[in-house]
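The next block holds one structure in the form of C-alpha cells; read it before the comments.
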Amino acid sequence: MEHELLRNLRKKVATEKYPFIKKKPPEGLRGKLIIDMAKCIGCGLCVFDCPAGAIEMIGKGTAADLKVYLDRCHFCGQCAESCPSKCIVYSTEFELANFDKKNLTIEFKRKL
Amino acid sequence: MVPAEIIEFLSVLIYPGFIFIFTLAFFYEWVDRKFVARLQNRYGPLYAGPGGILQPFADFIKLLAKEDITPRAADKTTFRVTPILMLALALSTLFFIPTAYTTAVSWFEGDLIFVTFLVSILVLITLIAAWSSTSTFSTVGGIRVVLQMLGFEIPMTIVMVGPAIVSKTLSITNIALWQYTTGHYFAIYQPIGLIVLIICLLAEIKKAPFDIPEAESELAAGWITEFSGRKLALIRLTTDVELILAGALVTALFLGGPTGPFGIPSVIFFLIKTTGVILVISNLRALFARFRIDQMLGGFWKYLVPLALLQIILVTLGVG
Amino acid sequence: MVETKESKTGLLERLRNSIPQEWILSLKAPEPRRIFLSVKREHFKEAMTKMLKDEEITHLSTITGVDLGEEIEVIYHLDKSGTILSVKTTTPKSQPTLPTVTDLIPGAPLYEREVHELLGVAFDGHPDLSRLVLPEGWPPGLYPLRREISIENIRSALEKAKEEKKVG
Amino acid sequence: MDEERVIIPIGPQHPALKEPMNFMLKVEGEKVLEAIPNLGYNHRGIEKAATVRTYIQNLYLAERICGICSIAHVQCYAQGVEKLLEMEIPPRAQYVRLILSELNRLHSHLLWVGVAAHEIGFDTLFMYLWRDREIVMDTLELITGNRVSYGFTMLGGVRRDISPDMAARVKKEMKTVRDRTQYYKKMSSNERSILKRTQGVGILKPQDALALCACGPTLRASNIKWDVRREDPYLAYNEIPFNVVTSDGCDVLSRMIVHYDEVIEATNIIEYALDHMPSGSFREKVTRRIPAGEVVSRVEAPRGEDIHYIKSNGTDKPERFKVRAPTLGNIPAVCKMLSDSYIADVPIILAGIDPCFSCTDRVTFVKGEMGKGWIWTQEELRRYANRWYQQR
Amino acid sequence: MNVVKWARSKSPWIIHFNTGSCNGCDIEVVAALTPKFDLERFGVLLKGSPRHADVIVVTGPVTNQVKERLKRVYEQMPSPKFVMAIGTCACSGGVFKDCYNLCQGVDKVIPVDIYVPGCAASPEAIIDGAAKLLKKISG
C-alpha cells in the first residue's frame, strides 16, 4: 500500500479542473431540451408520455405553444422518442443551476 | 533602546509567540491536507490563496463569523470555557518545547515531566468538553478520548524517558541541545523509541488511524459534534497547535531540536524537521484503516508498551 | 386447467400429485420456471407447510397483495431451484385475515407487515404488525394500495390528519 | 427502557448511511445490545403511482426506484412487460442490455467497496476505488449518454446501439478495471488494518442466510451458490460462460472479496458479450396496450435478487406493480449480524449488505441481548414484542 | 467585512441529506468529492454534524416521514446557512409527482438557495451549482 501511495504521489493528479477547464460533453448527453416549433404538429404525445409532467401545452393543435419546466424534467428522453415529427432534440447544456426556479421554465412559442 | 519588557511582550505575542504559532498551525494543517490529497491522487485545497495555502485561515475566519449555538441541554459555562482552556493549554505546552530558538520560551529541569502532565490534562479537558455538551455522540466520543489516553500515555511516557536517561537531563531544551553538541541524534540511537513516540502522538492528536473519538462514520463528529462557530474554530486551532506540538516534540527529543550547522537561523531547521515529521504523520494517516477502540487499546498494550520497555532496557544497558 | 411448460425440476408434476385436488383452485405453469398455484383459504396453511417440507423450500422472495375488488389476493413468491412458485390465496376484503407463515419461514415477517400496512390484511399469529413503511401519524385504517383509495384520497386524508394533530 | 444505557440514533442524515434510514442502537460501553431500525424514510409510494401511469411512463419510474441499480429495475420491469406481450426482444438488444447490466454491476460493486473502505476509516482506498470507478462511469456515459439514469432500456429493445468504436473502447477500459481490481483485491486481503476491521465481523452463517432469505453477494459470501443469472437465466445469460462467485468466510471480508471477484467476472462477461454480439436490429415496436395477465419477473441486481410482479388488465396502465428490491431481502440478515457487535462495527456491518434503502424503505426491529446469541423464533419475537410494549 | 465574505466563499462545509432520493443524486454528490472532481479544491469538506456545516445539500423529493427531520437539521445549522437542492427530485418532485407520500420538492419545507436540476445532476453540474453559489456568497 505504501508503494501505491508513493506511486500516486509521483503520478499526475486525476482531478479535472472543472469548471475552469471544460471537457467536451459526451455525445448523447441529454441536457436542456430544445423544441423546434416550426415542425411541431401539436399532437400532444410528448405531454402524454412525459413521466414527470414537465411539458405543458398551451392552446390546442397546430396553434399550441409548449412550455417546458426544467425543474421537473428528468432528462429521460421519452418526449423525443414519442414525438412523431421528431422536433424535440437535446442540447448538451447541463449546467442549469439557478437561484430562482422561475428561470427554469422555458417557453417555446410559434412564430406567426 | 526598546525596553526589555516590550521585547518580552512582543516575543510572547508575535515571535515566537502566538502569531508565529498560529501561522505555523495553519501552515501545517495545509501541509497535512494537501499531502494527503496528493497521496490520494487529487489536489486538495486549491483556490484559497496560492495552492490553497490560505484554506485553514479561511476556515478559521469563517467559523469565527458564524453563529455560535449553545445546545439547550448543554452545561453552558463548561461548554463555553473548555475550548478556550484547551487552546490555552496546548499553547502553554508548546512554550516548553524549543521552536524558534534553540531554547524553549520557558524551560526548567523537569519540564519533560511537566509536558506529559499537560498533555494528560488536555485529554481530560476534552472529556469535560464532551461531557458538557450532553449529546450522546459527544459522550461516547469523550469516553473514547479517555480510553485512548489509557492506551498511549504509558508507552509515550516511557519512550520519552529514553533520551532523558542518556542525556542525563529532564529538560526538553537540554535534551535537544545535548544531541546537537554531542552529535548523537536519538533518531539513530533509539529508533524504536522514535517509532513508538510517533504512533503514540498520532493517537494523542486523534488522527487516522486513531481518529476513533471523532470517527465520522459511526459517531457523526464524535466529541465535537455539538460545537459550532467560534468554539469550533478554537477547537480546530487547538488541533493544529497539537500537530505542531507533536512535530516539535519529536524534533526536540529525537532530531536534536531547532539546531543545525552553518549558522543558519535555528527556526529554519525547526521548520524543516517538523515538516518532515508532519509528512510522516500524514502519510501514516493515509496508509491505514481506522482501528476499533478495543483493537487500539489491545495493540498499544500488547505491542507498544513492550517495545517502549525494550527501548528503555536497551538504553540502560548502554546500547542507546 | 393444468398446462405444462415448466419442465426442468418436475416441480409441477410433484405438486399435482402431492397436494390434494380439493385444496387447489388452479395450478398452472404459463412459462418455463414459473408456477402459479392457487389454493383455498381454508387449506392454505396446510398446503404451505406441506410444500415447504416436501420440497425443502427455504427462500421466500416476497409477498404481494393485490386488491381484486371483493377480495384481496395474497401471493407468496417462493423459490425452488430457480423456479418461482407463486402460491396464491384470497381473503374477503371486509375482514381480511390469513394465518401467518412466520413460523415456517423466518424471513417472512417483514413482507407480512408490508402487506398488512399497505392492504390491511391481518396475519394471525404474526408477532408484531406495527408500522413498517408509512410515516408516523399515518391515519389508521387508510390502506394506500386498496383500489377504492385514490391518490387524492390519500392526500386529503393526510392533510386532515395533520390538521387534527395541530388542534389536538 | 433501561435508563443507564446510552441510545445512539444513527441516521437518517447520519454520515454512515447515505440513505435515509434510522437505527436506534442500544449500547452498553462499546457493545451494541440491540438495534431498532426504522426504514420508512424513503417510502415514496411508487407502487401506487405506477397504477395511474402508462407502461411507458412507468419505465422511467422503475428506473428511478433506485439510481444505483437503475438498469436492474428497469430490466426487470421491461422483461415482465415483454413477457405479458409474449414477445422476444431481438438478440442484439439482449446482448446490449446484458452488457449494460454488467456495467451497472461493475460501478455498483466498486462503489460499494469504496463505501466499505470509508466506513472503516480508510479514505485513501475509498478515493482510489472511486477514482477507478470513474472509468466505468465514463463507459456508461459513452454508451448511454448519462451517468446514472440512463433512459436506455425501452420496451422492445434498447434506445441506441453499441457501435464498433464504442465496443473497442469499452474493451480497453475493461482491462484496466480488471487489473486495478485484482490489485485492490490482493491489497485488501493482505492489508492488516483492513483485515482487523473486517475479518470475523458481521458473521452470517450459511443456515441463517438461507433461513432469513438473504440474497445476492450477502448470500454468496455465506458460501451459498445462488445467483438468479444462473438459476433463472434471463437475457443471454445462458449463452455466456461465467462463474458464480462464492466465499466461505461469512464475514465482511468475504463480502468484500465476493464483490471484487464479481467485478472481475463482470469484466470477463462484458468482453465475451462484446465479442459474441449477434447482428441485427436492436429495437422493436411495441403497442401501448398490454394484454391482460400477470407475470413475475426477476433479475440479479448488483445487490441480489430483484423481483417484480406485474398484473395487467388489458389497458395501457398496469393494475398492480409490485417491487421487492434486494436490500429488503437482506434486512433480516443484517439484523442478525448487528446484535452483539461493537458500535465501531455497526457502520461496516450495515454497509456490508450493500444497502440501498431507496427501494426498500421498510422497517423492522432487531433484538438481541448482550452475551446471548439469538434465534429468530416466533416465540422469542413475540416475547420481545410484548416486553417492548409493556415498557413503553 | 470583506475578509469574512472571502472566507465564507472559500470554506463551504457541507452536510448531505437524503430526503428520499433514488440514490442516484447521492452517489453523484459523493462522486463530486472523489479524485476526479475533488470538491475539496473549493475548500468543501463533508461534515457529519449539522452544527459544523454551512451548506446543506439535499437530494430527493422529501418524503413525509423525513420532513420534520429536514426541518430540524436545518434549524440546527448555525447561520449563515445555505441550501442546495440537488437533482430534479429535490427541485420539484419530478417523476414522483403523484406519489402519495411526498411533499414535492425541498422548497416546500425549507428555503432553497440554489436549484441544480438534472437526473441525476452530474458531478459537473453539482460543481457548477456550487461555484455559482460561492460566487454569490462572495458578493
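We call the chains A, B, C, D and E, going by the order they appear; numbering starts again at 1 in every chain.
Everything below uses one rule, namely that a residue touches a chain if its C-beta (ideal position, glycine included) is under 8 Å from a C-beta of that chain, and two chains touch if they have at least 3 such contacts.
It should be emphasised that the depicted structure is a prediction, and the values quoted were computed from it without experimental measurement.
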Shared interface partners, meaning chains that touch chain A and chain E: B, D
Between the pairs C-D and B-D, the one where more C-beta pairs touch: C-D
Furthest chain, CA centroid comparison against chain C: B
Chain whose average C-alpha position is farthest from chain D's own: B
Averaged-CA centre spacing for the pair chain B and chain A, given as whole angstrom: 51
Distance from the mean Cα position of chain E to that of chain D, given in whole angstrom: 25
Distance between the centres, which are taken as Cα means, of chain D and chain A, whole angstrom: 29
Centre distance in Å when chain C and chain E are each reduced to the mean of their C-alpha atoms: 40
Per-residue overlap in chain C, given as positions that touch at least 2 other chains: 134-135, 144, 151, 154
Interface hub residues of chain D, defined as touching at least two other chains: 14-15, 40, 43, 45, 48-49, 52-53, 60-61, 64, 124, 127-128, 131, 134, 146, 149, 191, 361
Sequence positions of chain E contacting 2 or more other chains: 34-36, 38, 41, 48, 63, 65, 95, 98-101, 119, 122
Pairs of chains satisfying the touch condition: A-B, A-D, A-E, B-D, B-E, C-D, C-E, D-E
Residue ranges of chain E in contact with chain C within the complex: 63-65, 98-101
List of chain A residues in touch with chain B within their complex: 1-2, 5, 8-9, 11, 13-15
In the complex with chain D, residue positions of chain A that touch it: 1, 4-5, 8, 14, 26-30, 48-52, 74-78, 81-82
Chain E - residues contacting chain A, complex: 35-38, 41, 88, 91-95, 97, 107, 112-119, 122, 124-125, 127-129, 131-133, 136
Sites on chain D touched by chain C in the complex: 39-40, 43, 45, 47-49, 52, 83, 210-215, 228, 230-232, 293-296, 298, 305, 307, 309, 311, 319-320, 322, 324, 328-329, 331-332, 361-365, 376-378, 381-382, 384-385
